[in-house]
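In the two complexes that follow, chain A is the common piece, with chain B as its partner first and chain C second.
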Partner chain A sequence: MNMFLHELKAYRKSTIIWAFSLVAILVLFMSMFPGLTRDAADFKKLLEGYPEGVRKAFGISLESITSLLGFYSYVFAYILLCGSIQAMNLGISILSKESREKTADFLLTKPVKRNQVVTAKLSAALTSLIITNGIYLAAAVIIAMAVSTKPFDIQTFTLISLTAFWVECMFLALGVLVSAVVTRIKSVLPLSLSTVFGFYVLNMFGAVIGEKAIRYLTPFKYYDTAYIIKHSSYETSYIIIEIIVIAGAIAASYMIYAKKDIHAV
Partner chain B sequence: MNVIELKNLTKTYGKARGITNISFNVEEGEIFGFIGPNGAGKSTTIRTMLSLIYPTSGSAMIFGKDSVKYGPEIKKEIGYLPSEVFYYDNMKVKELLKYSASFYKKDCSKRITQLAEMLDLDLNKRIDDLSFGNKKKVGIVQGLLHEPKLIILDEPTSGLDPLMQQKFFELLKEENKKGTTILFSSHILSEVQKLCDRVAIIKEGELVNVEKISTLKENNHKRFKLESQTQVPHDYFKIKGVQNLEVNNHITSFLYSGNINMILQKLAQLELYNLWIEEPDLEEIFMHYYEKEN
Partner chain C sequence: MNLFFREIKAARRSLILWSIGICFMVVSGMAKYEGLSGTGQSLQQMISEMPKSLQAIMGTGTLDLSTAVGFYAILFTYLQLMAAIHAMMLGANIIAKEERDQTAEFLMAKPISRSQIITAKLSAALANVVIFNLVTLILSITMVSKFSKDGESLTDIYLLMAGMFMLQLIFLAAGSSIAAAGNKPKRAASVGTGILLISYILSLAIDLNENIKLLQYITPFKYFEAKRVVAGGVLDPVFVGLSAIIIIILITLTYVSFRKRDLSV
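On to the complex of A and B.
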């Protein structure tokens, strides 16, 4: 418990900054929505002018872009991207931070098992993500209500918003695995940015060529907003894959970290 | 009872570095020196004992228990001070020590204040504002606050001023009087000489010798220095027992251990201006352990 609280305290600042940044991005985008609905026809015409490939890559759907959920799911892609970076950052930091800041000696000469260290750090990172998403979701609902003139389905809205958390969980697990495997990570941000953007580009690419198989490869495609809007639920097969991926990555991280040599610096 | 028992402890990294077949015991209540030049494998041995790294073969038993299998249990009674101390920067000294204490199921607050007072450490400062020496003090308090039965120190004195070193040694001696076993790793002999009962010498990953400090001193080495009329030929003193021979114009110096009459006969044949025969310090005796074999 002491380690968990210590870690949580260490993430306090970054959690708050991330949460408010996400809300700020959302406010910025959603403030355009009232204007957009007023000139819906013109806006659609403008979008029609873009090549189809570009529209697909950015996830713009002409039929729904002027509805609140449609517009939100377009904007949400960027929120998802930012959230994923946060999660990947957290994941990579939690174990590599100790060896980079040379505190691994401090922690691992205390009477604790390596597994306990991983558990405490993982729970703290997860808690940080839950807090970020909690603040975001609350703010998002309020903002949506403020800008929408027509009523919208709150449940679907929440389901879409929560996909950020599910995708983040995958990136967190992936990040932890990376930090358990790689001996020395000099700086976290370039690594997490490149990984997340890599998956994001893959996602855009998949959308353009319409290849279904790519959906399995990038976490960004696991939760298709169009499907959620239509069915008000997630696709079960992807939930199962996600659980398997996360469980595998976390289990591997535990095993690798328990056997890892902690070298002097 | 042996507090530390190393049996053929081996750790290899790739090809070059590491330690090979290190075996020695440290008895309860002993202050045991662990000495060798930089890169000899002192830290590797210590880190293996603490299961920060895992042995390739052989074993380390602490308090009679395998250091890998019973790691967390053993560490309840170990205080460790790494050679380089870096702690979570965004914390105050007090917070860090409390965090450290929270891992042991006892109340250490009194002990923290006591140690901090002794070492003249300000508990309310932030760790990133501390000088290297003061960070080291945080390390010392951190290693001792739970009153461990075994203290492992990896080059602990670097960064401490002589006065603080003195205080630190007194502190260690006091702990030792209470029955605490201490493993003291260093590359500075005079420190070890001052403090330790026995010493293990390690060189290039292999154990060279384990000896009592007193035996080492008794080893009847003498330092000879002579000033001669003409330069002494280089091979003149090539006899058994002569080490570290240096010929510098008319000044010749060397270490000698063995029959004193032999060397005196040799000396008698030279035309000398001056002669000094001195007791060498441990440093010199050890030098030949340190020097890499050709």
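On to the complex of A and C.
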């Protein structure tokens, strides 16, 4: 319990900064929503001059993009990106910082098992993510209600917002696994940034070119917002994959960390 | 000179990994171009009449997706982001790592002045950035010319790469000045990346809202935007000048503040 509280305290400042930056990004983008709906209304008038077929094909995607949920899912991609960086950073740093900051011998000579160390640190990281997402979700609902002129489906909105947490859990597990496997991590950020941006670029580019197989490769694509908006639920197969990935990564981290050679000085 | 080669060698592995990343992006991206090249002309015309904010959400902008260069310009946006991250982290780490790894004492005891140290380190970083740029250029030219139709000019790609080089220099200088002027070397890379992410998100927000167009002078991602370079056929002299000024100021800041820096050993 001491370890858990200590870690929580160590990450307190960064958790608060992350939560408020996420909210700030959301405020910045959502403040443009009213202007966007006006633009869209003008464009719809212009569309009337086009043949029926084109108008139909275009009108539908226009309708979905300029609705609150459609616009939110566009903005949300960037929130997700930032949240994932936070999670990956947390995951990589929380175990590796002991040997980087030369406190490993202090911690590991305490009468606790290594497994207990991992458990305490993992739950602290998870708590930090839950707090960030809690603050974000509360703010997001308030902002959405403030900018929306028409009523929107709040359940779907919450489901979309919560995907950030699910994706972050995957990155957290991945980060912990990386920090358990790699012997010495000099600096966390280059590693976590290149991993998250690697997946992000893969995802963005996959969306442009319409590649199906990429969906399984990048966590960013596991929760397709278009599907959530349509069905108000997640896709079961991806939930199962996520659980398997997380369970595998965490179990492997426990096993590797328990027997790892840790440089004390 | 020893220091220069030492730094080149230290960055070699990461440069190779980044090059593999670019190679993957460019090759897999352009390979998908063939499937997309059949986009109808009427759709293209329709997109060009949309309001700017809607174009931004659709992800195409004013680019003509039916030409190889136009398609490449979309890919370029992500290459630019990768290049900026690479340059920023390189610049920040090359200065900050001595204090982080407790090797500052060793280096400073050598009979070379601090300015010489910065010169050697910055030239090593510059060499890395140039190699990064050349690798991207060569890969891009080969892949685009493979898919482009007869008579399509490739000069746009040289222009885009020149723009990317300026962007890399800005972020390299920003990273090094943060590391030299900031008081916590461990934080340098995080702060730098924070600034980079903010400017990237700002550049997206500017696409959505015409009213904040004035902010484009703040975010380097807007300086040499693919759609503007391709449409104009030239790098905007205002932004080239602005970048040069920014780079000179930041490099000077690096030298001045590192000379007086209170190193923690």
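We take it that the second predicted complex is superposed on the first by the 242 of 265 C-alpha atoms of A that agree within 3 Å, B and C clash if a C-alpha of one lies under 4 Å from a C-alpha of the other, contacts with A are read in each partner's own complex, and residues count from 1 in each chain.
Throughout what follows, a residue touches a chain if its C-beta (ideal position, glycine included) is under 8 Å from a C-beta of that chain, and two chains touch if they have at least 3 such contacts.
Since the model is a prediction, treat every value here as computed from it, not as a measurement.
In the superposed model, A:Thr103 makes contact with chain B only, not with chain C. For chain A, the partner touching the most residues, choosing from chain B and chain C, is C.
Once the two complexes are overlaid on the shared chain, A:Asp261 sits against chain B while remaining clear of chain C.
Of the two partner chains placed around the shared chain by superposition, chain B is the only one that A:Ala10 touches, whereas chain C remains out of contact. By the document's definition of touching, neither partner reaches A:Ala144: not chain B, not chain C. When the two complexes are overlaid on their common chain A, residue A:Leu122 makes contact with neither chain B nor chain C. Of the two partner chains, neither chain B nor chain C is touched by A:Ile228.
Shared-chain residue A:Val201: touches chain C; no touch with chain B. On chain A, the patch touched by chain B and the patch touched by chain C do not overlap at any residue.
Contact residues on chain A toward chain C in their complex (touch as defined above): 25, 28-29, 32, 35-36, 39-40, 42-43, 46, 50, 54, 58, 62, 65-66, 71, 74, 78, 82, 85, 186-187, 189-190, 193-194, 197-198, 201, 204-205, 207-209, 211.
The residues of chain B lying in touch with chain A in their complex are 43, 47, 50, 52-54, 71-76, 78, 80, 82-84, 86-90, 99-100, 102-104, 142. By the touch criterion stated above, chain A contacts chain B in their complex at residues 2, 6, 10, 101-106, 108-113, 259, 261-265.
Interface residues of chain C facing chain A in the complex, by the touch rule stated above, are 14, 17, 21, 25, 28-29, 32, 35-36, 42-43, 46, 49-51, 53-54, 57-59, 74-75, 78, 81-82, 85, 89, 93, 97, 100-101, 186, 189-190, 193, 197, 201, 204-205, 208-209, 211.
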